[in-house]
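Two complexes follow with chain A in common, the first pairing it with chain B and the second with chain C.
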Partner chain A sequence: MELSDSVLQHLRAVVDLPDFGGTRYELEGEIGRGGLGAVYAAFDRQLQRRVAIKVLDGEEEARVIAGLEHPAIVPIYDAGTLPDGRAYYAMKLVSGERLDRYPRGDVPLSERLRLVERVGEAVAFAHTRGVLHRDLKPQNVMVGSFGEVYVMDWGVEGVAGTPQFRAPEQASGAAALDHRADVYALGALLRFVLPADPPRMLRAIAAKAMEPNPADRYGDVPALLRDLQRFQNGQAVEACPDSRWQRTRRFAVRNQVLLLLLAAFVAVKFFLFFVRRL
Partner chain B sequence: MNKIVTGIVFGAVLGFLDGATAWFTPEVRPVIGGILVGSSIKGLLVGLLSGWFARKVNSMKWGIVFASVVGLLFAFGIALMQGNHYLEILLPGFVTGAIIGFLTQRAGAPSKQTV
Partner chain C sequence: MDPDTAIGGGRDRFPSTRHSLLAAVTETGAVPHEALEQVTALYWKPVYKYIRLKWRKDNEAAKDMTQSFFASALERDFFQQFDPAKASFRTYLRMALDRFTANQYAAANRQKRGGAAVTESLADDCEPVDGETPETVFQREWQRQVFALAIEDLRAYSESAGKRLPFQIFAAYDLAEAERPAYSELAERYAIAVTAVTNHLAWARRMLRGCVEARLRGVTAGDRELRGEMRSLWS
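Here is the complex of A and B:
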């Protein structure tokens, strides 16, 4: 009996799928694959809802994420062990696009920065819990259909990172990474989402976050986010100090209504002063 | 500092400065003290009303319009009492009101919401 190519392909795919027998989940199919494991869509028979399930070799990642309750971190519903001994955890199934596939063509700059800020807030929160992401990149950020942002694939010890988004000390295999490795990756993420010809100050912010020497980067993620906020408020950013002329110009732009009113007051006084002399 | 206090402080200071420019008019120099007090009180009252308005309405445009009109009305009252110098009192009163309106909208904490 001959098997057609499509049947063979199907059999191969089915063989690769993990066995969820004995769990409450009904497997639907693979939706992604990362360095630490594959992610599947599944149906939770008990709660009658679709979930995403990540199958991996250890339970560390599940424990790490379970300790991070944040609006921009995908919540974990359940964790367990498959019949073949591998660990899995079930999480919210996010409908949306990965940031690397997110259509950025017509997205305004403010929206691009909002995405980075949401990611940064999640990473900053994780840092306060002593957790580093270690592999922050667009492929690990989901943008939901309502604009919600989720940071996924929280790294565990030993993750090598992704070259384009990896801090030099991480690439060199430094034993003790700290939160500044994530600052670097967030800077790379910022550079990734920026349009082709971004404002000078945003380029400077990304460049400061991506300094090869960790000591030259922002001290932490909130410092980077504050600089992004300053940029959006029309203020000078730490990464690119203004000259005196630029400071004056920025002040004038920010306070143009007040300056116009004060100028009107002075003009009225001068006008009245000269009218009296006529 | 809440918006009413902000309005009172800025209003009094701007009113004082407005009155102080009367020093450049030699014929009114002898009564400069009275002008300073009157102008400061006028500014203070405009600031008070503008601060109250800013607590109710969060709009730069309407804040400036309201304070300008109030400033103009107070200036008109003073000009009526004086019986002359209408232009010298009305014009600066109007512009000072606009500045106070701007400042009360921009500065000062909004009123506390209670549940």
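Here is the complex of A and C:
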């Protein structure tokens, strides 16, 4: 049998579509396709609301996410098996933009860093539950219409990651990945959201997170987040230790009111000293 | 209830529940005849088209070279040297094909140089035609062949399982070359309800997906590679 191009294209479009017959969902259309499966918009007839449904070959991802309750992790509503044997899970349909499509032109630096911090908090939380993301990248981060951040596509064993955001040990297929692979990806994500000419210290934070040797990276995600916080507080960051002069200058800037008061006090003392002499 | 339409039903009753070809090679140390047949059935046309495009061979020369490739390259060592951790079997086979055709090409040139030195430019031969690379043509022909074989499997299964009508509706709708008929037109043609048309179509598509998976399972080295190949079909 010889299939024409148009028939082939049609078959590729319809044969992979999930058949929700026998479930409470009505298919609306495909909204995305990731490394582990496709995501569809659907209507939940029972609860009369729209949901997102991910269809995948295994049930592992649903079990992974169901165990993660966090404001920045999309909640799972339901899971099941399609008539063709594929697993699916229904989740909140997030309205917003994927981070890679999020308009960053006018976004201030503080807002960019907030996005990375929210992602980092979700990943750090998952690590406390023993879950690695394994494929952290802008395509897997949604920014909602109220600025809320959702981390999606939680990885399972065997996920290859995405070259630009993948730690070297993940690319080489190292058997035992640990949370430092996610530290690397978070550093890559930070570098992605930074403006064209970012402050030197932020570049250093991203570079430290993305060190080729896992032992040279931040020990965990909270350590990276603390460094970001230090930067925002005007303190020295772990990734980029200050010289003595820089430390003095930073101390002076941070305590300028106190130093001005001290200088004024000394000046008054001197003035009074000389007045008494007269 | 028809078990094929039940949740999770029908999965074990596809035309052939194929085992992994490469697992079989590893287990037995030999290449089963069925495995060779599966590889040849799936890859003959993609290999032929790839050779025609990449090496600018005419029909007969490309057929000869394809025949030689399958006759000489697919030996025991070929399968045993395959490492699924490095690449899919499809990529491995295409790389082997590149090596094979390059060797054939070099041998042919050596013969020609016995007289006057006649060498063809490899670079010119590798120029893509109509903006398509030989690799994209190979990928598309592979997709085409996977579906073609799976449709044959589905047809055979439908015949044996007394499911001729669903297959006929599937063929009339999904395999239509021109404009697809309306569901109501099909309902009238086969004297059934419109909902029955959509149910038959859903059954056939679901079974076809199963046949596709079974075909690919036969030429992959395990679940991980199988999932990757399934994704390659839709992307």
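Throughout what follows, the second predicted complex is superposed on the first by the 262 of 278 C-alpha atoms of A that agree within 3 Å, B and C clash if a C-alpha of one lies under 4 Å from a C-alpha of the other, contacts with A are read in each partner's own complex, and residues count from 1 in each chain.
Keep this in mind: contacts are C-beta pairs under 8 Å (C-beta built on N, C-alpha and C of every residue); 3 or more make two chains touch, one makes a residue touch a chain.
Since this is a predicted model, take the numbers as computed values, not measurements.
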| First (chain B), second (chain C), both or neither: which does A:Val275 touch? | first
| said: With both complexes superposed on chain A, which partner does A:Asp84 reach: first (chain B), second (chain C), both or neither? | reply: second
| query | Touching A:Gly21 in the superposition: chain B (first), chain C (second), both, neither? | reply | second
| query | Which partner does A:Arg33 reach: the first (chain B), the second (chain C), both, or neither? | reply | second
| Who touches more of chain A, chain B or chain C? | C
| message | On the A-aligned overlay, A:Ser6 touches which partner chain: chain B = first, chain C = second, or both, or neither? | response | second
| Which of the residues in chain A end up touching chain B in this complex? | 257-258, 261-262, 264-265, 268-269, 271-273, 275-276
| Can you list the chain C residues touching chain A in their complex? | 5-11, 85, 140, 143-144, 147-148, 151-152, 174-177, 199, 202, 205-206, 208-210, 212, 223-224, 227, 230-231, 233-235
| field | Residues of chain A that touch chain C when the two form their complex | value | 1-8, 10-12, 14-17, 19, 21-22, 33, 35, 38, 57, 81-85, 158, 173
| said: So in the complex, the part of chain B that touches chain A is made up of which residues? | reply: 18, 21, 24-25, 60, 64, 87-88, 91-92, 95-96, 98-99, 102-103, 106
